[in-house]
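Take a look at the structure set out below.
Chain IDs A, B and C follow the sequence of writing; residue 1 opens each chain.
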Amino acid sequence: MTQFIKNAWYVAGFEREFDDQLRRVTILDEHIVMFRRSDGKIAALEDRCPHRLLPLSKGKRIGDTVQCGYHGLTFDCAGKCTRVPGQDNLPASAYVHAYPTETRHGITWIWMGDLDKADPALIFDMPEFTDPAWAVHLGEPLYLKSHYLNVAENLVDPAHVSFVHPTTLGSAASENVPVHVSTGGEVITAWRWIMDAEPVGFFKSFGGFTGNVDRWHYYHLHMPCTAVIDFGSAAAGQLAPDASEADRNTGVRIFAIHLITPVTATETIDRWLHIRNTATDDTDAPARMDAMFRTAFAEDKEILEAVQEEEARPARRRPIRIAIDKAPLAYRKRINDLLELERTEDLASAPSPAFVYHD
Amino acid sequence: MTQFIKNAWYVAGFEREFDDQLRRVTILDEHIVMFRRSDGKIAALEDRCPHRLLPLSKGKRIGDTVQCGYHGLTFDCAGKCTRVPGQDNLPASAYVHAYPTETRHGITWIWMGDLDKADPALIFDMPEFTDPAWAVHLGEPLYLKSHYLNVAENLVDPAHVSFVHPTTLGSAASENVPVHVSTGGEVITAWRWIMDAEPVGFFKSFGGFTGNVDRWHYYHLHMPCTAVIDFGSAAAGQLAPDASEADRNTGVRIFAIHLITPVTATETIDRWLHIRNTATDDTDAPARMDAMFRTAFAEDKEILEAVQEEEARPARRRPIRIAIDKAPLAYRKRINDLLELERTEDLASAPSPAFVYHD
Amino acid sequence: MTQFIKNAWYVAGFEREFDDQLRRVTILDEHIVMFRRSDGKIAALEDRCPHRLLPLSKGKRIGDTVQCGYHGLTFDCAGKCTRVPGQDNLPASAYVHAYPTETRHGITWIWMGDLDKADPALIFDMPEFTDPAWAVHLGEPLYLKSHYLNVAENLVDPAHVSFVHPTTLGSAASENVPVHVSTGGEVITAWRWIMDAEPVGFFKSFGGFTGNVDRWHYYHLHMPCTAVIDFGSAAAGQLAPDASEADRNTGVRIFAIHLITPVTATETIDRWLHIRNTATDDTDAPARMDAMFRTAFAEDKEILEAVQEEEARPARRRPIRIAIDKAPLAYRKRINDLLELERTEDLASAPSPAFVYHD
């Protein structure tokens, strides 16, 4: 029912969310205590003392160790117990799981699966993060009372934009424009071009367009939980339909990136950021963009939370599927395949050094 | 456990509760979106898009159709899908259930069962609604955190009046007066006369009595959820005990009508109204009566919600039954018989055109 | 899962919590209506009318009987029905359970088990309650969202004091001092002496010590739910380690007594009081001690409620046990033995006169 892909990097937070204080975060329904170590790296430990189960986040930091607030058991950043008050020996079972983390571009990632599979090369990245022609702006966390699959699916679904975001990201002009989908590669992509139409609210505000534009939306979904939305506009006729990546750079182009963290079966955080090739020197631009995104994402939140509530009710009949569902369905299938893979792998034959899952 | 009679007309609301906006109501634990159509009739549709399950009440009206707020699927007042954006064909499974409604005397009824059994002749009515000798006043909805059976049972239970409503509808004089019950016909009736006693609060206020009165309470319960309480007073000795309907009209007589709508297994709405043969031209009378009824019904609400909480707890022993329970028990039996009838009818052999129950 | 010892006296409240009004209390997940009778004793009845299950606490007192607020059934303080309105006979099944109570030293105890086993000699007592050399002060109820076993266990666990109460009852000086445990008798006792250390906050405030002290903590746990903590300090070297009861009286000595009432599976009340041999004539002392205890017990509450939340989550591995757990584990074992005893006793062969448990 509540199924999560374990062997993946998830976003634990923007790096700025962590400091030297103990902070509890919940990811894949696991409680984790996190803090910035003295060397600047981010530590992440199972947030539950193995003795009487008090969350370690209720305890205190002593150097780069965490002391439990109940009986003083102390753990280092590798999860190893370094002290049990009242006795000299440290039992082998006195440990907590330590989660690998990696911080890049101000984003802190955490590995939730088997320790021997935690490969930093798997972390999502793209060259525009460090390309001086582009401006990066980290947005903020959006908290949704919704299963993460619904949140992610919504980000590979161009068809909802016309109806959910009619004043910001979409317009009636796109209501019936067909969606193209590519599901063959590592990334699922859905896209469409709306040709020769009035610019939508966002590009009225940022493109400086006076006449009609050709507008594109490319939704790239990286498994399991990172969505990159490439959307932009160019004066009508400037670009060929389906123009290449390089050609699209000649228009006004924004990458809206959504880093989705499954919190529990019914809660998800969507941390969003944007990378733009327009107004890169305009220091007010991020705040203005944030305001528009906030409006749009509040619209998504209302829809997604209402869907979550309905899905929790007894169903009379199976939901219907329609033409525009191709990419969302491909995403669901991909997730199911990954879950099946994790279920059938013999975890017992290659246990992680410090943590064996029994649930 | 949560059992409702499906093949029945229930009150969806006073007609005044509906306008041209989409309004969600919940009846028998089903979510329904309702609105006033352009021709003035009240539309009622299943409040869940068959595609991604968004409540249609989160969408918008376009003429006499409702457009889903997620992907724009559109449904007419018969529940038929008239548009699926992004494709030309309309799949047969793209429909929502449309509930029959009927509005009379300012009350909007809805049929919750098989469409081929929705007979408007079954809707509760009585001639006093349109008789100029009587004044009708619609009260207000009373929301109770209580199973509907407890609410309805309470309305065929004269014995509680002395203890729950000692200052408004009852008095100590009636504590030990036996209750008569008739359970043979379509309607279950419980009644008693309290002879030659001081008038209760209500008739002190409205009857203008200076001496003792004979007071009657007739509780008529129409299956499954309409209660008509005929209560009145006449100067002591004016009427024979058990006086006829016609004779009772010579006294001060009030019909307090309760239209009970099961909302969920633990929530019920009791919409009440009154029809009186006294002070019919007194424009202040309804507000004064409402105030007294509000006091009395708040007393019922407190009792019924406390009972609901107790019933939800594990039971040590079976509740006892006593002499005054005859009418409530007859009502429970009648409801159980109706439930059994609905369970054993072969619904599959005569499915409703647009809606097959699978739960 | 939710297991309580039935055959025991529990504290229903400080006597001052009861007056002539009907008051609902919940103990072992049973609802009980309590009030002070005209003869001053405290009555305790099952708080549920056997007819329609309305809590009797929603009704009203008539002399030393309680009249149900729904249909007027009336019960005396023995639980016997004395009136059923509308009928003359009183059915044998029309009773409520009456719980034995005893009030001593301002504390009202209730017996939750078989009536024939309710022996007042089993009630916890100690001579200091009435010894003029000692001053008794009843504190207040502390409400905890925690299973009672965790609350009780915490009171036979000296090791937590250093970490949970570093500014009031403990200090770093005691972190590694071993704990002695005696589990052989009726009472489980854990204790330790911290020799020649700076006085902790409490004894700085009340002992008037200028130099180092020897400090003792004796935790006596009486089954199932009464904890007596004997703690005190004497000038360093004044007493032999492990000094006798009589010798300890020459120091500054406090009995902090915790009367634990299991409310539900996840709620507990800890009513605390203290008996002191210091500042016995100082009328301000109780308020100052209460303030310190309130600070300390709020620290326990935070820990215990966090543990309760963690215990409710699915567990990956069994908690570990360490050297300092000896007394808590002995307590758990004792409770389990008592539960097993109650389960295996043939209750059916000797039913209580008025109440047979079926759950």
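Some notes on this structure:
Convention: a contact is a pair of C-beta atoms (placed from the backbone, for glycine too) under 8 Å apart; a residue touches a chain by one contact, two chains touch by 3 or more.
The shown structure was predicted, so the numbers you read here are calculated from the model rather than taken from an experiment.
Taking CA atoms, the transformation carrying chain A onto chain B includes a rotation by 120°, reported to the nearest 5. Because chain B and chain C share one sequence, their contact can be compared position by position; here under half of the interface residue numbers appear on both sides. Taking each chain's centre as the mean of its C-alpha atoms, chain B lies 49 Å from chain C.
Shared interface positions of chain B, i.e. residues touching 2 or more other chains, are not present. Those residues of chain C that touch chain B in the shared complex are 31, 48, 50-55, 58, 67-73, 84-87, 91, 93-94, 355-359. Here chain A touches chain B in the complex through residues 159-160, 162-164, 175-179, 302-303, 306-307, 310-311, 313-317, 319-324, going by the rule given at the top.
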